[in-house]
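Here subunit A shows up in two complexes: once beside subunit B, once beside subunit C.
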Partner chain A sequence: MKFDSIIIGGGLTGLTCALTLAKAGQRTALITAGQSTLHFHSGSVDLLGYDEQGQTVLHPLDAIRALSASHPYHKVDDVAARAEEAARLLADAGLLMDGTTDRNHFRLSPMGVSKPAWLTLNGLVRSAEEDSLPWRTVTFANIRGFLDIPTEFLVDNIRRKGTDVEVKSFTTPELEQARRSPSEMRATNVGKVLADETALRRMVEAIDGLEADGEVILLPAVLGVADARAESSLRQLVDRPIRFVVTMPPSMPGVRLQTCLRQAYQQLGGMYCASDAVTGGCFEAGRLRYVTTENMPDERFYADHFVLATGSFQSRGLMSNYRGVFEPVFGLDVDAADDRGAWTAEYVYDDQPYMRFGVRTDERLLVSRNGVRVDNLYASGSVLSGHNALKLADGSGVDMLTALQAAHNILKK
Partner chain B sequence: MHRDRQKEYDVIIIGGGITGAGTARDCAMRGLKVLLVEKYDLTNGATGRNHGLLHSGARYAVTDGESASECIKENMILRRIARHCVDETDGLFITLPEDDLAYQATFVASCRKAGIRADIISPEEARRMEPAVNPALIGAVRVPDASIDPFRLTTANVIDARRHGADMLTYHEAVGFVVENGCVRGVRLRDNHTGDVFETRSRVVINAAGIWGHLVAKMAGVQVNMFPAKGTLLIFGHRVNGMVINRCRKPANADILVPDDTVCVIGTTSDRVPFDTIDHLKVTPEEVDILIREGEKLAPDLAGTRVLRAYAGVRPLVAADNDPSGRSISRGIVLLDHETRDGLAGLITITGGKMMTYRMMAEVATDLACRKLGVDKPCLTAVTPLPGSEKPVDKGHTSHRAAEYSTHAQEGRHGTMARTINADSIETRALVCECEDVTVGEVQFAVDKLHVHNLINLRRRTRMGMGTCQGELCACRGANVLCRTARVEPAAAERDLAAFMAERWKGARPVAWGDALGEAQLTATIYEGLCGLNRLCGDGKEIAL
Partner chain C sequence: MAEEIQKKSKSAFNFEQCLKCSICTVYCPVSAVEPDYPGPKQSGPDNERYRLKGMEFFNESLKMCLNCKRCEVACPQDVKVGDIIQAARIRYSTHTPGLRDRMLANTDIVGTLAHNFAPLTNFALKLAPVKAALHGVMGIDRHRTFPAYSFQTFEQWYRRHETEQRRFDRFITYFHGCYANYNYPQLAKDLVKIMNACGYGVRLLEKEKCCGVALIANGLSKQARRQGETNMASMRKAVVRGEPILTTSSTCTFTMRDEYKHLLGIDNDDVRDSLTLATRWLYRMIEDGKLRLAFRDDFRMKTAYHSACHMERLGWIPYSTGLMKMIPGLELVMLESQCCGIAGTYGFKKENYERSQKIGAGVFKQIEEVDPDCVSTDCETCKWQIEMSTGYDVKNPISIIAEALDVEKTRRLNA
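Entry: the complex of A and B
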């Protein structure tokens, strides 16, 4: 099979890149093993939340200029323009998001911590200030017996921001049915149960029956795998303003991001190979000619350009063993410490050195193999070296902006 | 427990490991008024940091016949009185091509002399019985080794002590003695949560603090020369072997692989360490290297099995000579009457021994305490089953099919006590920990009955967070359930959760490569990235104890 571009990896990075190339008219294939870290996503895209000293960033574009030379943003030719492009791409995929690059806002984490963000899915709680919410009183209405939102922490931390919280719980016959199996009460399972109209109507009745006192009702974000329709109908039907709080994984907003981007890509005719994995490739004269996959071992996937968007250690885009860190698909050059003792730091929330490990790229995001550049293989997103996404709160931004940059570098050729 | 401060006890026992718990049970069963004190959590010391091996005694048969005889005697007793803590796996002592097969004959003869059944079997038979064993073996001996859960065993002893009237204070540290006219009359205790210091009086004090017993004795002005020998172990992500696998040679590093519950454990190393390190032991890369290299010789499958975590304990050996490894020292029981030894009446030290000879240690210490108190009651601990082991668990007492797995897991953990776990409602059957099938009802039970105040207590009593995901989601659920059931303030529960994750990382860090590193990053992505827990726990870098 022959393509213009092949993207390896189906997370936020791979989908962003594939969608951009497909929009530009390229014949594109995306090969993905399936799950991605979008299943742990907050529903917000960040550009830069904290600077390298750990201080909260309000104006991300300014702060990005001050980042260390190794940061992947320095390989993005116009951060502001790419950010606008990323926002448009999300909107075009049906993902209605709020926020601007001028000033970060704050998303509310499942534990009630305010974290800086650039774009947040419409309907999720957000606020302009880090230490307060825009309401005097709220009602948090949890689903009875749903353990995947840490209610006690959430409520306590909202109260610390000066907002009164009333806690209520509700259930419906459908939810009671789902709970008969103790492992069924996960956000995505609950979302499926509430997907049909009758179930949603009963949920509305249950919430109305709470006689909530808060200015808004906060609910766990369990609705809508593929779109925001269930959330919007709920918000229309309940007689009180509603906002959603993202839950512990699996994250419904994250799954929705993945679904919408995938659908947008497929609607453009992009080929999407799920549950498959690239096993290796054929390199000739400094270029990657084709790749092979697990499910179709006899098929060669040729392309002019390839993008590696396989993620970090948690996604197996990077791997390690007893001896060292490596990139498992092609054995690309990596930036990583040799001595295993230097991979980690003692305290769990210290700045962990392994977070900066990743595939080495040049200024055009081209990778190298045994010290030799591969002229048509780009790397983007979390597989890149050079920054700690947890400390800087810049993971989704790096994913999207470097994916767009790789796409542009390909299209410029 | 302010009322306890006024009460005068017959015996105060210092140390919430298996020896202290067993001694508290024995003393209470003989009618003494007992207080058990522990500076952190139950099983925090060597009790919770060993193989979980119910030795047959075979390991010591050649070098230390006395220890071997103690082991086999206690082995048979614990199978009866603590059946819900024992997994009757049996064990193999294998000879590899690099070992001397002639040692096997000496080994078998010594075992039989100590009263340990030892059957020589062919390598083919060994491979059939234990498919994970190194197929290159040239000889094998089958012995009655087994696997035992020291957390459950300690908990069961504490529960029974309390049923017989004993009081217990965890997170209370002995910081001094009350001495009147050359006689110990009580202990000064510090509440390690509040910093509050107070005196509690008793007629006898038993020092059962393991390696910390050296420091406890020092506070009383007496010298007990202990030998801190650190032993490091690795936990693998699943149960590779069904039987205990040992090397048939003189005891050395990393030559025992024990199947424990859903995992298996290889160990140990043995190195002398200074006293100032015993509260915060660190696992070194060299130790990990030895354990992996030697472990693969016992069961080659370990090479492809994920290492979950590394941990280390300190053997409370009493120094007898200048052996730098600590291995040729007797593992025998040491009972010290400080009245006859040092002229300090009212103080007894019980030390040495092994986790699985705790009952015998408790018996001799209690005998001495009873003599001092003029009590003449026989020891019944060898014939009285522990709570949970009164009789085999009768299957099928629950009608909730969906909850079957967690019911089985609970019976495994708590034996007959599992029947009191609330499974009446959908809420109480909801799973907190999917790896280990821990329900909300079991958490409630642990809070009510098993001295659970925080997540690390809960982990040790229920196995929550011990599975392959190492607390990825269950820790957060558990922390919130504890807010409600144990009435922990949310801010304290947040710090507790962060300290719990820090403790999990401490164990994972020495083996942080491969899947373990990926899993650690995933956990950090959830707790730090998604949730911002690192912004809720202050700058103390606290690690749960």
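Entry: the complex of A and C
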């Protein structure tokens, strides 16, 4: 099969890149080995949350300029413009998000911790301040038997921000039915149970029946795999203001990001291989000619350009064994310490060196193999070396902006 | 195996790679509608740890699994979640299949019986008292429409036309499966039409048995293994002749390529690469420039493509849809990939009917919104389910190609 571009990896990076290239009219294929870490996503996109000294960043664009030279943002030609483009891409895919690049806001984790963010799905809890929420009192209305919110942590952490929390719980006939499998009282399952109108109406009645005292009612974010329609109806129908708290993964906002971006890509006619692993490729004269896959072993996937968006260790985009850290698909050059002892720091919450490991790229995001640049293979997103996404809170931003940059580098050629 | 585990972190069905991320449960069509089903993670890798300790941890709720493999399609760590569940059923289930399950499972024996009395069978299967009896006595749901049985099987038709097929100098071997043989020989004839226009004669296997998918699902894996061995022996002869073995059913193909080895322990390594869907073979021959198709100028159709679960698992949707996209007069709408709920014989059972329809509701709604001339899919049981539940005609991509084909022009192009 022949394409203009082939993207390897179906997470935030791969989908952003594939969607951008397909929009530009390219014949595009996206090959992904199963679903992605977008399912663990918070529903908020960050640009830069903390600087390299660990201080909270309020103005991300200014702080990005001060990042050390290895950071992948320095390979993005105009961070502000690409950020605007990323925000537009999300909106065009039907993902209504709030936030600006001028100033970070703060999202609320399932544990009740405030984290800096750039864009947050409309309806999720958001605050302008790190140490407070915009309400004096809130009611946390939990689903009875729900497993994906650690309620005590959440409540305790909200109280520390000076907001009083009233905890209530509710159920509906549909939810009670679902509880027959107690282990399945997870966010995405509950979301499916509440997907039809009757179930939603009963949920509204149950919430109204709580006689909540808080200024707003906080609910676990369990509604809407592919859109925000159920959330909007609920907010209209319940007689109190409502905000949603993102849950432990797999999270509904994360699944929605994945679903909307994939659908937008497929609607443009992009080929999407949902469950196939690229097993290798043929390199000739400094270029990648084609790749092969597990499901179609005798097929050659030719393209003018390729983008590696396979993620980091968790997504198997990077791997390690007794000999070292490596990129498993093509054996590309990586930036990683040779000495195993230098991979990790002593305490788990320390700045872990392995978090900076990744595929080595030049200023155009082109990779190299055995020291030789590959002229048509780009890398983007979490597979890149040079930053610690956990410490900087810049993971989604790096994914989207480097994906857009790779797409533009391809289109410029 | 010990070496695989030690050196490559590989375990049976990649069981040890499960991170407990739960992504599989997001895509399980059963756990979405059935609170008594513990979901793929729990039924698969989680409980497998207990089952390894003792079979008392086996739970018959595993029979609610459709074997759709959408958990495997979703798994980011390549854990064969569905295989773990099916293998546990084969290994631990003490349930003995009753008459109904045996009848549903033996699609070829029942097919032979039914087609011999086809007008009578088809008439009887539509009668309310017969349906009530099947429902009450047999446990086959009364809401189901049975696929009609053909009076003449494809094999019988083929015998009459075998000499014409021998006149060609190039051949493909065709595994028609039970459905094309007993219920809908037109699909098989459509394939013959395309192949002949391309200059290929069609041969059948020396001995074809049902692929066995329904036997596996109904707890008759020993019989499935015997049938599988017979099929493999016949297919080997085609491989030796250098012929591809083409199919028109995604599920038969998936079963013989993957389930034979994973679940039944049949060695199919020497056959697997030659065994492929006809759409895939055609697409690849065309792309390699070895074959050309010409289509009628006056052909117009709007079709909505339904991604059958096993087609999704095979990863071959781009071939069937890519082939259809070659037809100039065809408008192809991709439906969001979801299970239609039938899963072979699963939806025919009284205890599964309601669940089956709930699972498929999303697909049916999408089809009504698209309002196509017909739905297209590579799976015959999806066809029954969608035709019964929506009233829209469902066609195999091969039938659409055959309908749109300009036979004379194609023949000249490939002469």
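Here are a few things to note about the model shown:
What we mean here is this: the second predicted complex is superposed on the first by the 413 of 413 C-alpha atoms of A that agree within 3 Å, B and C clash if a C-alpha of one lies under 4 Å from a C-alpha of the other, contacts with A are read in each partner's own complex, and residues count from 1 in each chain.
One rule holds for everything that comes next: contacts are C-beta pairs under 8 Å (C-beta built on N, C-alpha and C of every residue); 3 or more make two chains touch, one makes a residue touch a chain.
Because the structure is predicted, anything quoted here is derived from the model rather than measured.
Ranked by how many residues of subunit A each touches, subunit B and subunit C are led by B. In the superposition on chain A, A:D92 makes contact with neither subunit B nor subunit C.
Of the two partner chains, both subunit B and subunit C are touched by A:R316. Once chain A of one complex is fitted onto chain A of the other, the partner contacts of A:D131 are absent, as it touches neither subunit B nor subunit C.
Of the two partner chains, subunit B is the only one touched by A:T344; subunit C is not. In the superposition on chain A, contact of A:F40 is made with both subunit B and subunit C.
Looking at the shared chain after the overlay, A:P249 reaches both subunit B and subunit C.
By the touch criterion defined above, A:M111 lies against subunit B but remains apart from subunit C after alignment on the C-alpha atoms of chain A. Once the two complexes are overlaid on the shared chain, A:R180 sits against subunit B and subunit C alike.
When the two structures are aligned on the shared chain, A:D102 is found in touch with neither subunit B nor subunit C. Common to the subunit B and subunit C interfaces on subunit A are residues 37, 40, 179-181, 183, 249, 315-316.
Those residues of subunit C whose C-beta lies close enough to touch subunit A in the complex are 21-23, 25-27, 31-33, 35-39, 42, 72-78, 273, 284, 287, 312-316, 318, 322, 334, 336-337.
By the touch criterion given at the top, residues 1-2, 33-37, 39-40, 177-181, 183-184, 186, 188-189, 192-193, 249-250, 255, 263, 266, 271, 273-277, 293, 295-299, 315-316 of subunit A touch subunit C in their complex.
Listing the residues of subunit A that touch subunit B in their complex gives 37, 40-42, 109-111, 113-115, 144-145, 147-148, 150-153, 155-157, 176, 179-183, 185, 246, 248-249, 251, 312-316, 319-322, 340-341, 343-344, 346-350, 352, 354-355, 389-390, 393, 395. Of all residues in subunit B, those touching subunit A in their complex are 285, 292, 402-403, 406, 426-427, 429-432, 434, 439-440, 473, 476-477, 479-481, 483-484, 490-491, 493-494, 498, 501-502, 504-506, 509, 512-514, 517-519, 521-522, 524-526, 528-537, 541, 543.
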